[in-house]
Each structure stands twice: as C-alpha cells, then as structure tokens.
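Below, each structure is written out as structure tokens.
Two complexes come next, and they have one chain in common, chain A, joined by chain B in the first and chain C in the second.
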Partner chain A sequence: MSMDLIQLFKAYAKTGIKTRFQYHLDSFLLSLAVFVREASSIFGVYFLLLKFDTLNDWNIKEIFFMFSILSATYSLFIMFFMVFRDFPDWIKHGDFDRILLRPRGIFVQMILNGADWVAALSHGCISILMFILSANSVGIRWNAGSIFYYLVTMISGTVIQGAIFVFFSAFNFYFSKNHGIKEFVFWKSRRFATFPVSIYGGVVQNILMFVIPFAFVNYFPAQYLLRKSDMAAYPEYYMYLSPVIAIVGFTLAYVFWRFSLRYYQS
Partner chain B sequence: MIEVNNLRKEFKKTIKDPGLKGSIKSLFHPKTETIAAVKDISFEIADGEILGFIGPNGAGKSTVIKMLTGILTPTSGTCTINGKNPTHNRKNYVREIGVVFGQRTQLWWDLPLRETYGVLKEIYEVPDDKFKERMEFLNEVLELEDFITSPVRTLSLGQRMRADIAASLLHSPKVLFLDEPTIGLDVVVKHNIRNAIEYINKKEKTTVILTTHDLADIEMLANRIVMIDKGSNVFDGTISELKSKYGQIRELNFDTSDAKAREKLAYVKQFKTKKEDIIVEQEGNMVKVRFDSSIVPVSEMLSYTLGKIKVNDISVKDADIEEIIARLYKHEVG
Partner chain C sequence: MRRKLKIYLPFVNAGMQETATYRTNWVFWQLGNILGCFISYFLWRAIFLSSENGSMNGFTMPQMIVYIFLMFLTTTLINSGGTYDIGEEIRDGSISMRLIKPVSYNATFLFQELGNKIMTVCILIIPLVAGVEVVRYRFTGKMQFHIVMFLLYFLSAIFAYLINFFFNICFGFIAFVIKYLWGANMMKNCIVGFLSGQIIPLAFLPVMAKKILLVLPFASLNYTPVMIYMGMYTGKKLLMYLGLQLLWVIFFWGLSKLLWSAAIKHLSVQGG
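Right after this comes the complex of A and B.
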C-alpha cells in the first residue's frame, strides 16, 4: 500500500467518522439496536444448547467460538464492503457517477468512502465478547501457528463475504431495481452459518460450501482449531481452503463487476 | 483540444408484457428494444473556448456529457481531451476535467465545507503549498470565506453552487463541465456566477462546456454553440452565425389607439403567402408583428402596414436568441 493511499484512507475515515458524530444519538441507537438483535440470536443458540448439550459433538463454547469468527469477519466486512449492499442507492443518487469522475481506483474509492465504522462497532463488540467467553476454554493452544491461522481466517472470511456482495451488486448495472434477492440469500446463509454445517441436509450443505461459501468463513477454519469429530465427513484439505476460496471468489466477482460496468446506464 | 468523433450511445430497454404472465415470460425470454439516445455527434472544442451545449429536453444532452466525462462508455465513436481517452485510461482523463452537476452536489453534505476541500486535496493529490495557493485564488473569485466553516447542508443554493464550482476547480483542470450551473438561482447570484466563470476562463484559459436551459448564460458566456436534437447535431457555430442563419426574425411594435387599425393589423398575416412566418400578437394598445426579414424585408413590411393604418409610435426589434432557439426546438426553422 503506497503512502498516498494511506493519506486517502485517513481523509475518508476522518470525514466518515465526523459525519457519524453529526448524528451521534442516531448512531448510538443504531449500534444499540444491532447489538441487541445479535445478542438475542446468541441467546437463541444458548437456550437451544441447554436442551441438546451438544450439536454434532459441538458444545456451546465451541459454537460461541465459531460464532465469534462469523461476527468478527462480518464486522470487518461491513466496514469495507457495506457500500456494495447500498449500491442501488449509490447509482440512483448519482454518487457512483461522482466516483467515476475522480482519478482514483473505483473499488478503492467505494471501499474507503463507504466504510461504516459505527455499524462495524456493534458486531465487533459481539465478536470480542464471544471470543473472550470461549477462546480459552475450547482447548485451542494459542501459539504463533494458530494465531497466524486465525489472522488468515479473519482476512479470508471478510473477503469471501465481500466477494458475495460484489458479485450480486454487479447485477445492479443491468437491473436498476433492487430485488432484494442478494439480501435474502446472504442473510439466510449467514443465519445457517451460526451452526455447524454438518447438521444440515445435503442441499443446504452444498449451498453453504460451494454456492454461498459461508462454511469457509467460519466452520472449516473453526474445525482446524477445534478438530471436532464431524470433520471426518469432509476432506482434510477443506480446512486450508478458505484463503484460496477468498482469492478465487473475489477475483471472479471483481472481473464480473468490471465487465458489467460497461453496461452502466447512469 | 477536445475532439468528439461520431459519438453514439444505445440503450437496451426490456419490454415487458403486462401482468404476472408477462413478468414470467420476460424473465425467460426477455424482449429487448435498442434505443439510440445519441446517434452521431461530432464536434471539436479549442483550448480556452466556452462552448454552449444546448438542446431541448430529451435531445441526448446529458448522455453526451456523461460520455464526455467518462461516466458512460460510448457504443461507438470516440471523445478525446488532449489525446486522452476516457475509455482507455479513465484516471488520466478525469484529472484533466472538473464537473459540476447543478442539480447534485459533490460536497460532503453533513460536514463543514472546508472538509470537502480537504478530502478532494487527497483524492487529487494536490501538494500542500499548491492547495493553499489554489484555495486563495478560488476564495478570491468565488468568495467562499463567509461560509467555509458552515456545514454544507446549511448553505444557500447560490453559496452551494459557488462551493461546488470551487470543488471542481481545486485540481486546476483544463476543462470544466458545467451542467445547469445557474438553475434555481436569483438574478443577482446568476450574474455573479457568470462573472466568476468568465473570469476563470480568461485568467486560466480553462475550456468550459456549458449546458443550460437559461439562454442568458449562453448569450453572456459562450463563444460558440453546439445544438443537438434527437441525438444528432442541429447547429454548430457562433451566436452571430446562429442569428444570421435563423435570426432574420424582426419584431415590429405598433402602438395605436385606433381599434380598427389594430384589427387591420391582424390581416398582416396574409402578407405574401408565407403566413406561417408572420405572427401577430395584440396586447392593449400594442400590436406585435413578428416575421422573417429574409422573406419579407423590413422596409416592405413597414410601407405595407403604414400605408393602411395610422399609428402613434413604432419600433423595430431584433429577435433575441431565446426566440430563435425556441423556434429551432419547435422545428419552425432550419
């Protein structure tokens, strides 16, 4: 990353945060609402696990740990890729035209300009909370190797979710109306990813592995660190596949997006 | 130097039959229709020129502007600024241009105006000393000082427009696109903005491409006009050329207290057979007769009318540009 890009990032971050502070009560309530929503889904998991003790050999702490990976990557994802969710609005209000008028990379501008720090904060808090609750009691030996693996997991998980949204947002170049399909697919898949993939039937499993690859955001990385017995159903190398899927998936989504740009009608 | 060669832009539109059945059908067998919003447009603009780019609503003006600014990719044809092409190298191209869309702002809405210039400085990589110098110049021309610390959302429309023009000039572009820069502004503010544009054009030799519905903007600023309609060039030339080509329109104002005389004037319409070019309007004691002096010379019209009626006063007026263009839009001439 070159110096001038860091300067640009700083400038955008400054205006982004300042804008948020213009409406601090609004921002605070929004963060609170997101926090409460996420916390309630965690309680849902908690009460479910009270009944079953384990789900396919996963106990509550282990599921919390897996959930912490999901929320951590998700909070990084909304920080950098949220703009792709709101892309139809960007087109409608002419904000995207403005980006095309500026002598910086289109993606760079979108990611830096769209960074949503406040929304990222509440998911970040949830993930840190879940991590603290679980990380030391699920039998992970935190050494250089596992910490490195964890960091790679963070990056690939963020990029995989980004790739999904970039891919779907490319359709907005063809259809100006937002049909909400991408939200539906994304949120449903993310909901499913709260639990180990192995508990689902074949169709859902395949979707989560090969179509909307949430399994590689949190399940397989958690498997590497936790080694639960249900991993036997999958090839060993799946635990190392997340970065590959992130790179390949994002490249494909990016190429498709750039290709679709020429059909932009403004 | 801006060169626009055979620019064309087609849009595909999907046609949907009504009802649910139609929706399902169009999902599997989409029927599309190709519409050429811009058919074939060519022109050149020399450095330092102010070009008025006009045309009726739906003529394809904004599509052309969007291609010239690199927002839309042309279906065919090219536009280059100093040899740079927006389709091949967008980043290099847009460094050369500044764009103001009068109906939208590029300013950070919730923040003090100064913050916008701070971000733009980073986006365009303007060095500190250059930035300071530039802000001083823009401040002098557009008088930003009074509101530079106010949040953009609190600015008046005129202040916002000045701020927007300054924002698009921060990186010293060679070409400035102004799309409706005076829309919704009062007369005094309009005047100030025009003066500022003229000053910048003179001082920095900035090429200006001006799209507007306010022909006073054009008359005061533009050296040249390009008019398009239905996606093609209709006229390209100076204002005096436009006037000499289409503007042989003269208006005779008769002031007469004699009601019979006013009635008689209505029959002027039948003078020579080209009656569609003679328009007669009555307003109180005044009767306006508008006609094309290349068909009926003014002297002939005067001797014809004055031979029949008595008048208190009479005046002859040149048609203004507004009149000519209104006629062109309605395809009355040309």
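Right after this comes the complex of A and C.
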C-alpha cells in the first residue's frame, strides 16, 4: 500500500514539475523572486544585528538557524499541503469534483497532488543557505540525538503548518471565497516566526503558541538545540511538545475538514 | 480643461467602485499589513529595550513607531499597478488599441487609480495619523502634529506616487522579454521595498550604502515623505529632497514616453 502511494506521489510530482517548469525563464524568475522576497526580510535583520549584536540574547547566526527551520518545514509543507492554499480555486474550477470521482482517498489525493514546486524550490534553497551559514557556528553538537531531534522537528513543523491550512480550507465548504482571511491569518503569522517569540507581547505570544502554533514550528525546537536565556520564561517541556502539537492539531483539523465535507455542494 | 475633466471623471468613479467591490479582500489585506507593522514594532521594542541608548541613528522609540506606521501608509498611498496592466497588454497585443482610442491611456489609468486612492485616503489616513499622534503624545507629553509638515508630506507622497506610477509603466515594458510578469514584478517590489526603507530605515544601513540610496530614486519613493512627516528634513534639506523627487518624476515620465515610442516602432514591424 505505502509503496503504491510513493509511486502515485512520484507520478504526480513528475507531471507537476513538468508543468511548472515549462517556461524556463519565467519559472526561474519566479523561484528567484520568492528567494529574494524571503532573503530581503532576513537581510533586514542582518543589518540590524550588525549594529546591535543580539535580539533577546539571539545573535544573527542563531536567528539564521531558527529561520532555516521555518523555511525548510515550509518548503516541505508546500510539497504536501499546497492544494489547501488554492482550495477556493479548486472548488470553483471543479477540480475538487474530479478528485471525488477517483477511486482513491480524497485526502490522500489532495496531499499528493498540486505541490507548488517553484516555491518549494526557493524556500528550500533559502533554508539550505541559512543552515550552511549557521549550523556549525551556533554551538550545536551534531550527534545521533540532536540529528534525530532535528528530523522530528522537520516533520512536526511541516505537519503543524499543514494542520493550520487544512483547518482554514475547511471553511471553503461553507463560504466559497475567503482568500483575504487566509492571507491575513497564515502569511502574516508566519512572518512572526522569523523572530524569537519572546520579543512579542503576551497576547501575541499566546496566539503563536496555542492558536496558530508557529512557536512550535521553529522557536521551541531551536531552543532545544541552542538553549538561549529567554527560554527561562517558558516551561522546560515546551521544547518537547512540537510532535504532540502536530498530532493533536492535525487530528483536530482533519476531523473538522471531514465533518465540513458533508456540507460541500458541487 | 473642463472638457478634459469631463472625459476623465468617470474613470475616477470607476476606480472608486472597483475598490468598493473588493472591499473584504482589501480590508483583510490591509489588516494583514497592519499586523506586519506590529511585527516591526515588537522587533524594535526588543532592540530598544536591550540597548542603553534612548536614541539610535537619530531615532527614538516613539519616532520608530511613527516611522513604521507612516511607512505602511505611504506604501499604500503610492502603490501603483501599472506594471501588470501594461505587461498584460503587451502580452495579448491589445497595446495596439491604445493607438486608436481618443483618450490618453496613461491618463485614464492615472485617474482610475486616483479613485482607488481617494478610498484609501478616506479609510486609512485618519485612523493611522491619529493613532501615531496619540502614541507620540503619550511618549513625549507634547502634541507634535504639524499641519504644514503634514501638507508637505502629502505633497511629497504625491510626487512619490508619480515616480512609482511612471517607474512601474517603464518596468511593464519588460513584458516584451518575459511572458509572465508575476515573478519579475514581485522581485522588483521586494528589491524596491528594501532599498526604499520599507524593511529598515535607510539610516541603519552602512554609511556608504545610505549615501548612494538617498540619491537613487528608491529613497524618493517612501523614505522622503516619511522623513518629512517626522520632521527629520527641514529647511534647505527639505527643499532639496522635494526637488530631487520632482527630478525623478520628470525622468521616469520621459523614460516612459521614450519606451512607448520605441514600443510603437517595434509593434509596427510585427504588425506589418
């Protein structure tokens, strides 16, 4: 069964990459553009920390490292959950009906289909670049334990972001258009995760931990590996909570999505 | 003049209605941007808290707050979508229609955007300026709003808008080379955004970079109006930067005309 899924994913990926990279110059420019957009936000931080050394005890390398976790998980997220971003269009153009008719699980098909390869490539490149710039100079001892923790972080970070998107896309079954809301909730809250959560005010921190849990995508996992002093403000076990948040969050989002599917009208 | 006004007034109206139709998207888009402002606010708060100095590169915390929110307001005010529209026309060939229509295309477009701007000004400018002034008052205990400075800011923002308008039209002509402008346009916006101080004030960049950027058209876009509002540019300096803005307006206006006539030649060759 699982071999079968991998085969299916491969087939989807192949056609996906072929369509997305059909126009060489355009897709190159597009990946470059996403790359530049992401880089420009982190570049600004670079210039600031040239002057001020640290931000709540985090130096520029450490912020790079935290950012690399965010972009890596985001890149993986794009490969598996992008359909949920464009979901209103899927419903509008009838692509969703096509999926309903096929002899496979609806959810599985959606996850395997429709990755935005151009964006995944650029976020992936940013994350690799940030990782190379930081991984060896932030005092992490890379051994079996920390590598295992890092891999778990990758998976849970991807799944947490997926859960957020699955949850919001379920609203599309009730209202056909809500591009604006998603923009508001997701893209902007992701920006908050560029910096240590500890710099924000109490309300914002709570939202980032328990409502749109980006803090568990990169901040707390980075804390486990880096041990910065601002961790003192949070319970120690938060550093181990990411996988739990991922499983619970995704289950809730999935149940809600399934439940909402009943209200779907073609 | 009156006749001209009569021709273009419907376009202003159309622009206003367009904004009104997409209002939910617009509202959420702007709320998202304001959320972005709060990210910057917290970032700077953390930086100011961890530093002993009350002032950095001439910015105090309340000034930084003014900077962040005014930067957002200015970016919204001077935003112009010319690149896309002209790019699309080049792509599908409808640019040739411009030659036979009895109205100036640039002008219709300008007036349509004007309608959109009127809506923006009405909805955003009062709450933002009021909010910023309340913050300034709470920090300093002094009312700092200056009507002359505000009017000069507005004038400078108009210049900035015109620079952006003509610059974007010029940029749209690269559609002759690139099929889909989405990527190129986004990249341009990011680079221009960074170089015009949207992410961090130019004063925080290395001295050499700052000096160069202040002369280039980028600073004339967002940075100059905001600096004027904050009272950072006064007297001779103020006049100089306003003059520089005007110079860039003329430059990009001229360039857009030049590219346009070059484009016509290019078209006639193809159309045969």
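To be clear about the criterion, the second predicted complex is superposed on the first by the 264 of 266 C-alpha atoms of A that agree within 3 Å, B and C clash if a C-alpha of one lies under 4 Å from a C-alpha of the other, contacts with A are read in each partner's own complex, and residues count from 1 in each chain.
Heads up, the rule we're going with is that a residue touches a chain if its C-beta (ideal position, glycine included) is under 8 Å from a C-beta of that chain, and two chains touch if they have at least 3 such contacts.
Given the structure is predicted, the values throughout are model-derived calculations rather than measurements.
Asker: Overlay done on chain A, so just call it for chain B and chain C: clash or fit.
Answerer: Aligned through their shared chain, the two binders fit side by side on chain A.
Asker: Tell me which of chain B and chain C touches more residues of chain A.
Answerer: When the residues of chain A touched by each partner are counted, C comes out ahead.
Asker: Between the C-alpha centres of chain B and chain C, what angle is opened at the C-alpha centre of chain A, expressed to the nearest 10°?
Answerer: 90
Asker: Of the partners chain B and chain C, which touch A:Phe259 in the superposed model: first, second, both, neither?
Answerer: neither
Asker: Classify the contacts of A:Phe148 with the two partner chains as first (chain B alone), second (chain C alone), both, or neither.
Answerer: Neither: A:Phe148 stays clear of chain B and chain C.
Asker: In the overlay, answer first, second, both or neither for which of chain B and chain C A:Asp4 touches.
Answerer: first
Asker: In the overlay, answer first, second, both or neither for which of chain B and chain C A:Tyr12 touches.
Answerer: first
Asker: Between chain B and chain C, whom does A:Arg98 touch in the aligned arrangement: first, second, both, or neither?
Answerer: Only chain B is touched by A:Arg98; chain C is not.
Asker: Going by the contact rule set out at the top, does A:Phe47 touch chain B (first), chain C (second), both, or neither?
Answerer: In the superposed model, A:Phe47 contacts chain C only, not chain B.
Asker: Once the two structures sit on chain A together, report how near the CA atoms of chain B get to those of chain C, whole Å.
Answerer: 11
Asker: Going by the contact definition given at the top, which residues of chain A touch chain B in one complex and chain C in the other?
Answerer: 23
Asker: Quick check: in the complex, which residue numbers of chain A touch chain C?
Answerer: Residue list for chain A touching chain C: 23, 25-27, 29-34, 36-37, 40-41, 43-44, 47-48, 51-52, 54-56, 179-181, 183-184, 187-189, 191-192, 194-195, 199-201, 204.
Asker: Which part of chain B faces chain A closely enough to touch in the complex?
Answerer: 11, 66, 69-73, 90-92, 94-95, 97, 99, 101, 104, 106, 108, 110-111, 115, 118-119, 121-125, 151
Asker: Would you mind writing out the residues of chain C in touch with chain A in their complex?
Answerer: Residues of chain C touching chain A: 24-29, 31-32, 35-36, 38-39, 42-43, 45-47, 50-51, 56, 178-180, 182-184, 186-187, 190-191, 193-194, 199-200, 204-206.
Asker: What residues on chain A touch chain B, complex-wise?
Answerer: By the definition above, chain A touches chain B via 4, 7-8, 10-12, 14-15, 18-19, 22-23, 93-94, 97-98, 100-105, 109, 262, 264-266.
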